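Two complexes follow with chain A in common, the first pairing it with chain B and the second with chain C.
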Partner chain A sequence: MSLLEVQDLTVRFRTEEGPVLAVDEASFSVATREVVALVGESGCGKSVTALALTDLLPRNASVAGAIQLNGVRPSPRARGRDIAYIFQEPMTSLNPVLTVGRQIGEVLKRHQGASSRARIIELLELVGIPLPGRRIGEYPHQLSGGMRQRVMIAMAVACRPKLLVADEPTTALDVTVQAGILDVLRNLRDEIGTALLLITHDLGVVADIADRVVVMYAGRVIEQAGVHRLFAHPTHPYTRGLLDAVPTPGRPVLKEIPGRVPVMRATSDACTFADRCWRVTEQCRSVRPVLEPGPAGHPARCWHPLGGKE
Partner chain B sequence: MSVLEVVELVKHFGPVRAVDGVSLHIDKGEVLGLVGESGSGKTTLGRCVTRLVPVTSGQVWVNGNDIAHLSRRRLRPLRRDFNIVFQDPSSSLDPRMRVGDIIAEPLRLHRIGDRSTRRARVAELLGQVGLQAEMARWYPHELSGGQRQRVSVARALSAAPSLLVADEPTSALDVSVQASVLNLIGRLQAELGFACLFVTHDLAAVEFLAQRVAVMYLGVLVEVATRDELFAGPRHPYTQALLSAAPLPDPVAQRSRQRIVLSGEVPSPVDPPPGCRFHPRCPVAIDRCAVEVPALRPVGPSGALTACHLVADDGSAPRLAA
Partner chain C sequence: MSRYVLRRVVESAVTLILATIVVFAGIRALPGDPARTLAGEESDPATLAAIRATYGLDEPLPVQYLRYVQKAATGDLGRSPRTGLPVAESIGHALPVTLQLAVFAIAIAVLMGIGTGVVAAVRRRRPAEWGANAIALLGLSVPNFWFGQMAILALAIAYPLLPASGFVSVFEDPVESFRHLLMPATVLGTGLAAIIMRQTRSAMLDALTADYVRTARAKGLSSAQVVLGHALRNSLIVVITVVGLQLGALISGAVVTEQLFVLPGFGKLTIDAVFTRDYPMIQGVVLVTATAYIVINLVVDLLYSVIDPRIRVGGPAL
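Take a look at the complex of A and B:
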């Protein structure tokens, strides 16, 4: 059974420029101990999906659809305890005037009623912070970016969540530091069995750590597959375009995807990628494609999936 | 002949030794990739080369003129020879100016042409960067991020400079848009033949665009080599670690690699370590590395440069294991 089951998640925002449909009936699941990458470019709805899971959306958002954790709809309190969130920017999400130990301690007190120095040090060790006994009394500005992100992760896992949602956790970091953070996330899965939903645009990070990949475009899930299958047999033209856009040695000109991600005002009866797609037909503009198994066997939302008979 | 020749460039911000003695050159028609992580000084170096910040000491020769210490008045006429594209096109374009005026600004400042020839030049540049001529009347907020970056490129190239500094020109953009901006810079560089200092942390982008690569760590260069040589066999231990840390977008290749994980983090440029600046994190450091600064010297048959005591004169280097 899946740990997390998301069914037809839809998120709308009321804005001054009118309504925005940020997530359009997205369905996916995360199994126990599984690392799932939610992939797409800015504006595709991946961060909004993550915020909806953790109930962190602003007030102008309305959410529909079902979120189940271990088969039941989680109470707000259970959500806060069982699903933890890691933000992209560790500097702006830590309180600059509180010590590292105090901030982790507050999480423990709030959710478990008590905190101890030993438990905080244990958490700092878990996320690979050297000399935890000394770091516990330091302030965020005394730490490097990588160490701050480790503190964020320690706070997130303080209450042993079942699922960790991490939104671009390494994007603000250097590659040599990123490698260490990815190791920490892998260790959490191996040591305390936390599942991970990783929001990222970085296909290198996906290739490194994900078990399964969910690709989003303009609010819809357009393809999902195991990581090896997705990279070997991308089925949706957008997925293919994303993979081909990454600079690769020996390729004289990079593949471009013309145009940009559209802002959806309301749901449409067309494929949202139709205007940018090189395989587009009349059907794509008039009938909404369904997410169904394509030629490679895994689901894709496309009337003309790649890998089939041309 | 070199379009750019940087000699022993030093830039200190108070106690911060951001750039601490860097020498490099770029030939006509060449793209030199300058890679490094945050705090390495690569962006500061780009800003010194374009004299956006005053230089502490050293020389910056652009087409035979040392611009490092020229006054603003003396520098001004030389500025048309070089220009810069910044990382974030949203903050580097004046939101109150029309695209056409933004692109024509270097022409106006250098009194190149009259109104009608400038307008024609703007139309030509818009075409070269893949935008429509009518966008000259648009404002930056009406453009996407990728289109704005194209405007930045057109502005930087409008006075036909012989040197373009591109400072992380794709880092603020989405992957598919990054590809189009990299293609654009590559195509224009081949067509127009300007020299380019391409500053980035993105190794894949460097491998795509640059002919030679310089690797910077904590204010100094540790390795300079042709792209093919550097990516096939990095010699400096830091370069080896950097290359191994960048994840490949291929799960089979990525999961079968040996990764070198560095201990610790980049030290403060206020108080860089003595000897080799990388020695506290270097897995193969010896006693000598802590006391003697390694010179950036030619190694191997090709003339590649490495600053490491452990790399032999014939170019053989210690291979780091995971």
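Take a look at the complex of A and C:
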């Protein structure tokens, strides 16, 4: 049985410019100790999906669908205890006026009733922070970006969550620092048995660390597969487009997907990728594709999947 | 840390020295004979000579200045020709009244301002916010003297719950002191409360959408911990700045309030001194006021550094 089960998650926002359908019946799962990458371009609904898991969205959001962690809907108390988060901006995600130790201790106190200096130091060591005894009394602005992100991770794993949600944890960091953070995340599975839902648009990172990939486009899950299979046999034209846009040594010219992600106002009876797809037909514009196994055997949401008979 | 504190203390000391020069020069810059000014218009030559001798007015200015500073430092601010009492003594009686009034007023303003500001930000677009906004608007637009008179009419005359005038020190009788100061301190504090409320509200609205507040919520902290421990904690930086900037207005407000509630405070002393051209008294009052401003600013800045570690331990501001 899977650890996290998301069924038909739908998130709408009320905004001054009208409604926004950020997530449209997304379903996916994460198994115990599994690393699942959630990928897609900017605006596809990845962060919204992540925040919806524990009801962290702002008040103008309305959420429908079923979310289950080990078979039950996560309560607000599950936040930080069973499902923990790391965000993109380590600069602004830590509170500037509280010490590192205090911010980590807070989680321990909240969920385990007590925190100790020794435990906090242990956590700082776990995420590879040198001189933890000194860092514990420092403020976020005294740390580098990479160190801050490590503090965020230490805070997130303080209560040994079953699922760690990392929303673009390395995007804001220097390339040299990124690798270190990925190492820490990779080790967490072995050291504390945490499953990881990793949100990123860096497919290099995905190849590096993920077991399985869920691809989102304009609020919908459009393909999912094991990481090797997905890279070898992308079935949805959008996934193919994403892979083609990755710079590789043999191919100096990048092929960007033309156009941009639409902001959906309401659910539509069409493929949301139709306006950017080179395989589009009349059917794509009038009937909503369903997520079903494609030629390579894994599910994709496309009427004309790649890899079949052309 | 200590470097920042040291710098602020040195800056304050320099400002204080400049203030004494201004105060010293001020009385000498008045047209006419300072001795005559100090003694009053109709004085006989003997008195004038005595005053010149007392104040050393026959000596060169730098010597006079040093003498003045030396005396001021030992608490000798001269003698008022009007009351015949040492200026320092009169100030010593009046100052505690104003300090107690001001501290009480600030406490009321901070409690009311922060409380309503937080509520207005958290209960956004709900009746609680409108209520808090309405109170803030009233607090800002109603003049102190009018509000004070209404308060006296309502709470001292129509329903005699509180005394309309007089002062009792908190150190003599805390309960009576509270009763006597409650009305004037509230009247004096409402304007500041309204300003604090608005600043708290807008700082809190910013803070509540900040990434670190999302982190705090994602950690599973209770709403109270998120709002008070994280969002408000950051917003206090703004609040302290505002209180610091508004203290001047509060002190001028104290002058009016003391007149209204017949409190024998610093404001009343100042007004009496100005109206009777009691120059030694004015000089003393100005010096003490300047010193108070400098000390208050220093305290506010140091408090600032307690709340915001980025000032205390250096590094780039975020």
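In the analysis below, the second predicted complex is superposed on the first by the 305 of 310 C-alpha atoms of A that agree within 3 Å, B and C clash if a C-alpha of one lies under 4 Å from a C-alpha of the other, contacts with A are read in each partner's own complex, and residues count from 1 in each chain.
We adopt the following convention: a residue touches a chain if its C-beta (ideal position, glycine included) is under 8 Å from a C-beta of that chain, and two chains touch if they have at least 3 such contacts.
The model shown is predicted, which means the values in this text are computed figures rather than measured ones.
Considered on the superposed chain A, chain B and chain C are sterically compatible, since they fit side by side.
Once the two complexes are overlaid on the shared chain, A:Gly113 sits clear of chain B and of chain C alike. Judged by the touch definition given at the top, the superposed model places A:Met155 against chain C, while chain B stays out of reach. Remark: in the superposition on chain A the angle formed at chain A by the CA centres of chain B and chain C amounts to 80 degrees, rounded in steps of 10.
Of the two partner chains, neither chain B nor chain C is touched by A:Gly71. More residues of chain A are in touch with B than with the other of chain B and chain C. In the superposed pair of complexes, A:Phe231 makes contact with chain B only, with no contact to chain C. Using the contact criterion defined above for the overlaid structures, shared-chain residue A:Leu56 touches chain C, although it does not reach chain B. By the document's definition of touching, of the two partners only chain C reaches A:Leu94; chain B does not. When the two structures are aligned on the shared chain, A:Asp183 is found in touch with chain B, with no touch to chain C. Overlay on chain A (Cα): least separation between chain B and chain C is 12 Å. Residue ranges of chain A in contact with chain C, taken from their complex: 54, 56, 58, 76-81, 84-85, 87, 89, 91-99, 106-107, 110-111, 138-139, 141-142, 152, 155.
Chain A contributes residues 41-42, 144-147, 174-180, 182-183, 201-208, 210, 227-228, 231, 241-243, 245-249, 251, 253-257, 260-261 to its touches with chain B in the complex. Listed in rising order, the residues of chain C touching chain A in the complex are 209-212, 214-222, 225, 229-230, 233-234, 237, 307-310, 313, 315-318.
Contacts from chain B toward chain A in the complex involve residues 37-38, 144, 146, 174-180, 182-183, 186, 201-205, 207-209, 231, 241-242, 245-255, 259, 261-262, 265-266.
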